[in-house]
Each structure stands twice: as structure tokens, then as C-alpha cells.
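In the two assemblies presented below, chain A is common to both, partnered first by chain B and then by chain C.
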Partner chain A sequence: MSNQEKLVQAFSDALGIAQDLVQDTLEYNTIKEWDSTAHMVLISELETVFDVMLDTDDIIDMSSVAKAKSILGKYDVTF
Partner chain B sequence: MISVNSTPGGIEVSGYQIVLVPVQEHHLDLLRTWRNSDFVRQQMVNTQLINEAQQGAWFTKLKTDSSQQHWVVYYKDTPIGATNIRTSDNTPVSEAEELAPGLYIGEPKYQGNIIAFAPTLALYDYCFDYLKINALRAEVKQDNIAAMNYNKKLGYREVDRKDMVTLMVDRESYRADTTMIKRFLSR
Partner chain C sequence: MTSPSEQLSLRDGSVLVTGATGGIGRAIVELLSKRGTTVFAAGRSKAALEALVESTSGHVIPLQYDVTDEKSVKEAFRSIQKQQLEPNVGMLVGLVNNAGEMKEAPLLASNMDLLKHQLNVNFLSAYQHMQLASRLMARSRHGAIVNVVSQIGEQGNAGLSAYAASKAALTGATKSLAKELAPIGIRVNAVAPGFIETELTAHYDDAQRERIFSRIALKKAGSAELVAQAIVFLLDDASNYTTGHVLPVDGLFQP
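What follows is the complex of A and B.
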């Protein structure tokens, strides 16, 4: 499974949304499924899937799917 | 989790990546700009625009009013919002058993961001652990679904519904419901 596929799967599982909704433009708090609680579940999922531990600043900055990719890039996860 | 320091301007609270700095005169222009913005004003009970004279009178009263405390929220040395606590019966905050908190994020970049929880966590820790209050009470407009959901994430339960919805949270519910978010904002 590619990192892109893993990312889509992680978002889909954590937020409980269909995979085709996981687009770069999807942003935190713009759909009811991506609220603060789901955000924490998402962070846990991404950390598990990509074997990283995100800084608090990155957790705060992770405001969209595109931003998630950019942040994970700092942890050597390439897309 | 938090540190509490007495400063010449009042009590300063730090934790969860943010600092609550007591409101000082040099904050007033920024606070008025935020308070009068559409985003913030529409969440207020009083949606009227506030002018400089009204704000000046408020600030003068604040200096000698022990029943409320107001702070500016700083994140990475940048002011992003404001928060406060007050008693409902003019009891000094330091003697209160119950307090009503208030918060808005004025900086557009951080509105709707997970960081909005940080000042609340710092403030509530201060209320429960330092002021030793029993409960917090929030009044929310019925149509303010975002605030309702936000408060429920903090352990609030609805206790009354009239023109405004009244929500309350005690120490145990707050602690139980914020364990996960605190962990993420405390790394």
C-alpha cells in the first residue's frame, strides 16, 4: 500500500467518512465528522500508520489533508 | 500542567502551549477590534458595537472589580484571543464556588482551530485546581451549535433551556472528558 493510500485509509477510518471524500482540500471543522475529538483520533491513527510522534505544533497546524501531507513530510514520510 | 504566576497586572497562567496574560491598557485597541468583528460579535449576548469610551469605562471598572478576571490569550508570543471568568453575584473570584467562563478567538487564522481548546484547558485547570471552585456554568445561545458542541467536549451537561441554554461542568467530568485532548496539547 502506498503512503497516499495509507493516508486516505487513516483519514477514512479516523473520521468515519468515505475514502473519496479524503481530498487535499478537505479541512478541519468543515464537516461534522472532523471535529476536535475526531482530530485526536486521526492524530493517533496517523502516528500508528506512519510510526511517527507528532509535535504539538504539528497537531495544531494539521488543518487539512494537504497540510497533513506537508507535516508528515517533515517526518520523512513521502507522498 | 499549568503554571500560575502573580504579576503586577494580575495572575498569569501558562500551559498547553499558550499564556493567559492579564488584560492591560495596551491590549484595548486589539480587544475592541476583535470584539467588534462580525465573527466574535455574533456569538455575544450583547451584539452591539463597543466604542472606545465604553471600553474605557469597562476597563476602569475592571481594575477594582474582584468578581471578574480577564486575560489576553497568547500563542507563540502572539495575541490570538481573550478569555475571562466571572461570578454571577459579585462575589470575589477568589471566594467563588461557581464561575462563568468566557472565551473568543479573535485572530481569524486560529478560529476553528484545535488551539481554541488550549486557553480553556489552562483556564479551567486554574479554576478547579487553584481557585478550588466546584463547577463552571456556561450560558450559550440556542443557535450557537459550535459553542454547544465545544462545551460538551469539555464535559459540560445541559441543565436548563430557556432563551439561553445553561450548561454546567464539575471537576470530575471536566477531567474525565479532557484527558485525551490534554495529552495531545501537552507534548
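What follows is the complex of A and C.
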């Protein structure tokens, strides 16, 4: 499974949404499924799937799917 | 009737205990180990951690770090994040913020360094541990956090304002995070010990003890084992309808 596929799966699992909704443009708090509670589950899912531990500032900055990719890039996860 | 130990789902997971080499910490580690839980035992002293592992029959994984060192705390959680995936360890399902220090000083002699140190050890470090532990627990939407606070923090005591404030801060965080983390299945509670027989109270002479016991309804000291039992109860699924509370283990102490 590619990192892109892992990312889509992680968002889908954590937020409980269909995979086709996981687009780069999807932003935090723009759908009811991506609220502050789900965000915590999402962070946990991403950290497990990509075997990283994110800094708090990166968690605060993770405001969209595109941003998540950019931040994970700092941890040597390439897309 | 099912006993709490039979209901314990902790057996399949792991628990991080800070301040694991002190009197109450050792009792927590021993009780959890007896129940089949893998324990990540955190402490500053390598020798004390080795002695703890040696004296405990269960699966105890030592983590040597200072709870006030943010970088070391993060590294410890990175280690737990990796180790919890091993089948003989299990996912982190519990955190006990037990590490703490009590510095006694009247207001006029409490300099800012003392105040900051008390807040660092008793509150900020526990907060960082809750932040990182809840991230590990969030994926499985299950976990329990128990903070060791103090009756001094609940009721105050002359000469212990810095300590009381640091513990009261932890009580406040306990009650707030219980509400914040409930939607993802993480319970947050606290235990407030009173006068407990440990190394920290061993220096009290008979006269001092009598004065203290006169303010305890049950007229005696508690034991580390009793505090550990309360903590394990709050980690256990036997208490899965209890969150945001402070359980006193104090014989009804009035400081």
C-alpha cells in the first residue's frame, strides 16, 4: 500500500467517512465528522500508520489533508 | 459475584506508572504486575528501577527519565509507541501520574524557583504525560488516566501553598480532561492520599504522628498498598462509569 493509500485509509478510518471524500482540499471543521474529538483520533491513527510522533505545533497546524501531507513530509514520509 | 481482578481488562494492555520507584509507585507496579498487566515503570534512578524489576514477578519495562525533561518524556512515549505493538506488551490502556515532590515553605520564603519547580514536577509534567498518553489511547478509543493529587491540594495547608497549588492545578486538569476525553473513551480520575506510611513520612516521630492522627477520623496512617488499590480500581473497567472524580484515600483527613 502506498503512503497516499495509507493516508486516505487513515483519514477514512479516523473520521468515519468514505475514502472518496478524502481529498487534499478537505479541511478541519468543515464537515461534522472532523471535529476536535475526531482530530485526536486522526492524529493517533496517522502516528501509528506512519510510525511517527508529531510535535504539538504540527498537530495544531494540521488543518487539511494537504497540510497533513506537508507536515508528514517533515518526518520523512513522502507522497 | 465477579471481583474487580476478574473483570480487569488491563491484563491485555500496558500501563505507564511515573514515580515508580517510590513507596506508592512500587505498590502500584506490584499490584498491576500481579494482575498480569505489563507495566512501563518510569523513574530517574537506574539502580532503583533495576531493583524494582528484580523484585517484581510480572512484566515490568523500566524507563529511566526525568518527568520534567520534555524531550526525555517524548522519547519515552516514542519507545512506548513502538513497544506496545509487541504481543507480549499490549497497547497502552492506562497512565498513572504518580511522580511528585512536596517542598515545604511559608509564603515569604517561597521564591519563584521553588514555585516553578513544584508546578513543573507536580503539574506540567503530568499534563505532558496526559497529552501524549491520550494520543496513544485515542486510536483504540479506550483508556484510563489516574492522577495522584493530594488532600493538601483539595483543602490547603499552611506552609504548603506552592505544593497545594500545583496539586490543585492537577485536580482542575483532571476534571476538565475527563469531560474533554470522554467522547473518545478515555476516563480521567484522581486519587488524593492523606498521611501514608512511605519513605517520605518515615522521619515523623511519635509526637508528630499523634498530632497528625488526631486530625484523621480513622486515627491511623494509610499504606501505599491501599493507595495502589484505589488507583488500580480507577484504571480497571470495574470503574468504567466513573470519570472526573477525586477519590480520597485518607481516613477522612482534615489538614
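Keep in mind that, in the parts below, the second predicted complex is superposed on the first by the 79 of 79 C-alpha atoms of A that agree within 3 Å, B and C clash if a C-alpha of one lies under 4 Å from a C-alpha of the other, contacts with A are read in each partner's own complex, and residues count from 1 in each chain.
Here is the rule we use: contacts are C-beta pairs under 8 Å (C-beta built on N, C-alpha and C of every residue); 3 or more make two chains touch, one makes a residue touch a chain.
These numbers were taken from a predicted model, which means no experiment stands behind them.
Of the two partner chains placed by superposition, chain B and chain C are both touched by A:56. The partner of chain A that touches more of its residues, comparing chain B with chain C, is B. Judged by the touch definition given at the top, the superposed model places A:17 against neither chain B nor chain C. By the touch criterion defined above, A:48 lies against chain C but remains apart from chain B after alignment on the C-alpha atoms of chain A. In the superposition on chain A, contact of A:40 is made with both chain B and chain C. When both complexes are overlaid on chain A, the residue A:66 reaches neither chain B nor chain C. In the superposition on chain A, A:28 makes contact with chain B only, not with chain C. Residue overlap on chain A between the chain B contacts of one complex and the chain C contacts of the other covers 37, 40, 43, 53, 56. Contacts from chain B toward chain A in the complex involve residues 17, 112-115, 117, 149-150, 153, 180-181, 184-187. Residues 28-29, 35-37, 39-40, 43, 53-57, 59-60, 63 of chain A touch chain B in their complex. Those residues of chain C that touch chain A in the shared complex are 74, 77-78, 81-82, 131-132, 134-139, 141, 183-184. Within the complex formed with chain C, the residues of chain A that make contact are 37, 40-41, 43-45, 47-48, 51, 53, 56.
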